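Each of the next two complexes has chain A plus one other chain: chain B in the first, chain C in the second.
Entry: the complex of A and B
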């Protein structure tokens, strides 16, 4: 009965999450609102567009009741921009995550999507809405990849390829993008070895994380276990007030190995 | 949907989330969190799971009522409702099973102090107690009975060595920042200290991430 899966989401679970992403559809038939557990679906009146979760959009698409409007970031020009950014502008980091979504406030201004919860307020109150995060955020503008970009693009190309303009081009661009980012993901393991404590992967995607989760977690935990005695020594020294960083900055990795040797001698 | 939801929907200055949508978001978040952490998290205190279970039960009743009439138009609605129902049931089931796996693995640990016991729901507490009693009785009958009475405990802490297996709180996790803020984490060679921005994905130890997750500054991914 207990779940046999390892700690952390596996790719199938990430795909499940991705199916909650909101997409825009153009209905081809009228459909009354359906009372669902996650709220009523919008009543569909062609040709008015509607927002719905991906799983429902795919169901409607399969039954030829609707067409899916591909998100702005999946356009070939947008993808080419992102690839340009990933390869030329910033060949080290991932392209930045989308800016916080905004919405109209009814007075002609754009405001943050969730401005009833301000970041200035440090402690959220119990009655507050939870701060939204993917997959519940609206689709990002062109030039930014959403958190579930790879799964979303794959699903749309597999089940709604006729709705995606220039599907073949998009496919090859996606492949390029994936390769560029996979190389960065592999490169980021360099910083894991250092044992710096905090590793920031700004702009990484859900599936990229899920793919290398076991490896990354294994490396981080392995480094921690190998360096456990060094870390304890360093903390003791810091507590005494010596202040020196054990092993030094650049020689940190070498310091690790020396310590494990010492351990063996004992 | 109650009157607050309706008011929120027509008020453009609010976020306009109906309570059903909010519950789905909360449920998704607690599920992801429970799947990603090495230790058991607190059972949601606001009655989230009970509320969702109630909704699932009433939705099943609706499905039973709808299957009665053979109207082809309600047929498609039925497919949609059932698909969603299965997704919901998967979420709840996977959440409970992930918790159960942790309770199974470290039953004695979660029963050892009142603080840890408070993390379990009443049914989980009953399950863990019974599970541990059964296990102890079985051990007693099969081999512990032949030892001296001082050697029969499963939760001995003599000599500063505890027999109770605890989850490794220093395991690494992935978090996403929900607001800007400073993130500090312990490391082997040096302690990390990063000025994080909203949306950043960060790898750090669970012990360092827990305060951030508890204050909703970050969520697990």
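Entry: the complex of A and C
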């Protein structure tokens, strides 16, 4: 009797969030900096590349005022590498997420990526964690998929296909990759069979999550319901086994565990 | 579980075989013999909600758990009989669960509450997980290709939990596909 909204984000919402991803563009015209809520955009001077949020880049692209430089991981060779990794190197898991972004600090060491404005001497204050979350991460190097890989690739191929080298090949590689990973997503629930198995979702993209969320949750919930009585018996035995040592406290604790299990339903 | 959950209500109405432990007057019609009392130990089928109550409550007033004698004894329904469980153990995908009962897993969860059957629990769990992966595959393929006929046998054998899984998986795929088709605009 609740709102008929699905849990989590639906694909269109994921795609909307993806529009905040930064892409590199090559402007064709000069454009002054635009003050936006998320900060000022860089001023565009034609031969110089600039970082733009995807939505703005697409707007400029549609107006023929800029070309989009496709990210490194969207190159056919990089995608083929990832597919090779998914199918041959590690057929069980998803390809790993990109390494945490780093940049050189000018003294020959790599430091965690921080906002360019922050000087290196300034101590990070608690509460403004400079660590970045997916839509604001810099584009990963070739061979790694970003969190929003599927949406970003689809959007770029739809609106800026002429900027993507070997667009047809990229498209077919993306289809392959999507199929491989969808099969893994289906297979990931198999690990629940023995009981206590956890579905490892490291490296899964946002769109894939939105696609399979309801199904995976349904499987986990079904397994939980089927095993509920066995689980209750096990807890009882534990409570009895521990009763000698902990006295009455163990039973009460068992009850608490059960409560939290119910709340965890979703 | 919601009060209005239709599947739960239907599961409650599943018939389970049971035997009364005592003669029951005026219930002879359950055994097609309305003129006489229902004899003890006559096999009858009662809905789960009633059978469960009668099997768990004691017919004497005393609160001493030792001499609690229930009204009737429950047995495993046919859908969870040894034959079905061994068939599931052999190949989960080959059994049409819907032919056994529409609420196979719901019933199983209820029966596992009443009976301690760790082995059956493990088999059902494996069945559920294996069939879920297969269901998801069919959900992805449904509508995309024309080979519906191939999966028809399997899909018509899905019981209610699996049907809802199918629907969830298919909805997810459909929403994703819809976005992908609309991204051009």
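Here are a few things to note about the model shown:
By definition in this document, the second predicted complex is superposed on the first by the 212 of 266 C-alpha atoms of A that agree within 3 Å, B and C clash if a C-alpha of one lies under 4 Å from a C-alpha of the other, contacts with A are read in each partner's own complex, and residues count from 1 in each chain.
As a convention for this text, a residue touches a chain if its C-beta (ideal position, glycine included) is under 8 Å from a C-beta of that chain, and two chains touch if they have at least 3 such contacts.
Note that the structure is a prediction, hence the values are computed from the model and not measured.
In the superposition on chain A, A:155 makes contact with chain C only, while chain B stays out of contact range. In the superposed pair of complexes, A:95 makes contact with neither chain B nor chain C. Of the two partner chains, both chain B and chain C are touched by A:227. In the overlay built on the shared chain, the residue A:12 is in contact with chain C alone; chain B does not reach it.
In the superposition on chain A, A:213 makes contact with both chain B and chain C. By the touch criterion defined above, A:187 lies against chain C but remains apart from chain B after alignment on the C-alpha atoms of chain A.
Once the two structures are overlaid, the count of chain A residues touched is higher for B than for its counterpart among chain B and chain C. On chain A, the patch touched by chain B and the patch touched by chain C overlap at residues 1, 192, 195, 213, 217, 223, 226-228, 230. Taken together, the chain B residues at the contact with chain A in this complex read 12-15, 17-18, 20-22, 24-26, 28-29, 32, 35-38, 46, 52, 55-56, 59, 62, 76-77, 79-81, 83-85, 87-88, 90, 94, 97-98, 100-101, 103-104, 170-174, 176, 178-180, 183-194, 196-205, 208, 215-216, 219, 221.
In the complex of the two chains, the chain A residues touching chain B come out as 1-5, 7-9, 13, 16-17, 19-20, 31-32, 34-39, 41, 55-56, 59, 63, 65, 97-98, 100, 104-107, 113-114, 116-117, 119, 122-124, 126, 129-133, 135-136, 192, 194-204, 206, 209, 213, 216-217, 220-221, 223-224, 226-228, 230-231, 234, 245-247, 249, 252-253, 255-256. Every residue of chain C that touches chain A in the complex is listed here, in rising order: 2, 4, 105, 108-109, 112-113, 116, 118, 121-122, 124-126, 128-130, 132-133, 136-137, 139-140, 161, 164-165, 168-169, 171-173, 175-176, 178-180, 183-184. Of all the residues in chain A, the ones that touch chain C in their complex are 1, 6, 10-12, 15, 154-155, 158-159, 182, 186-187, 189-190, 192-193, 195, 207, 210-215, 217-219, 222-223, 225-230, 233.
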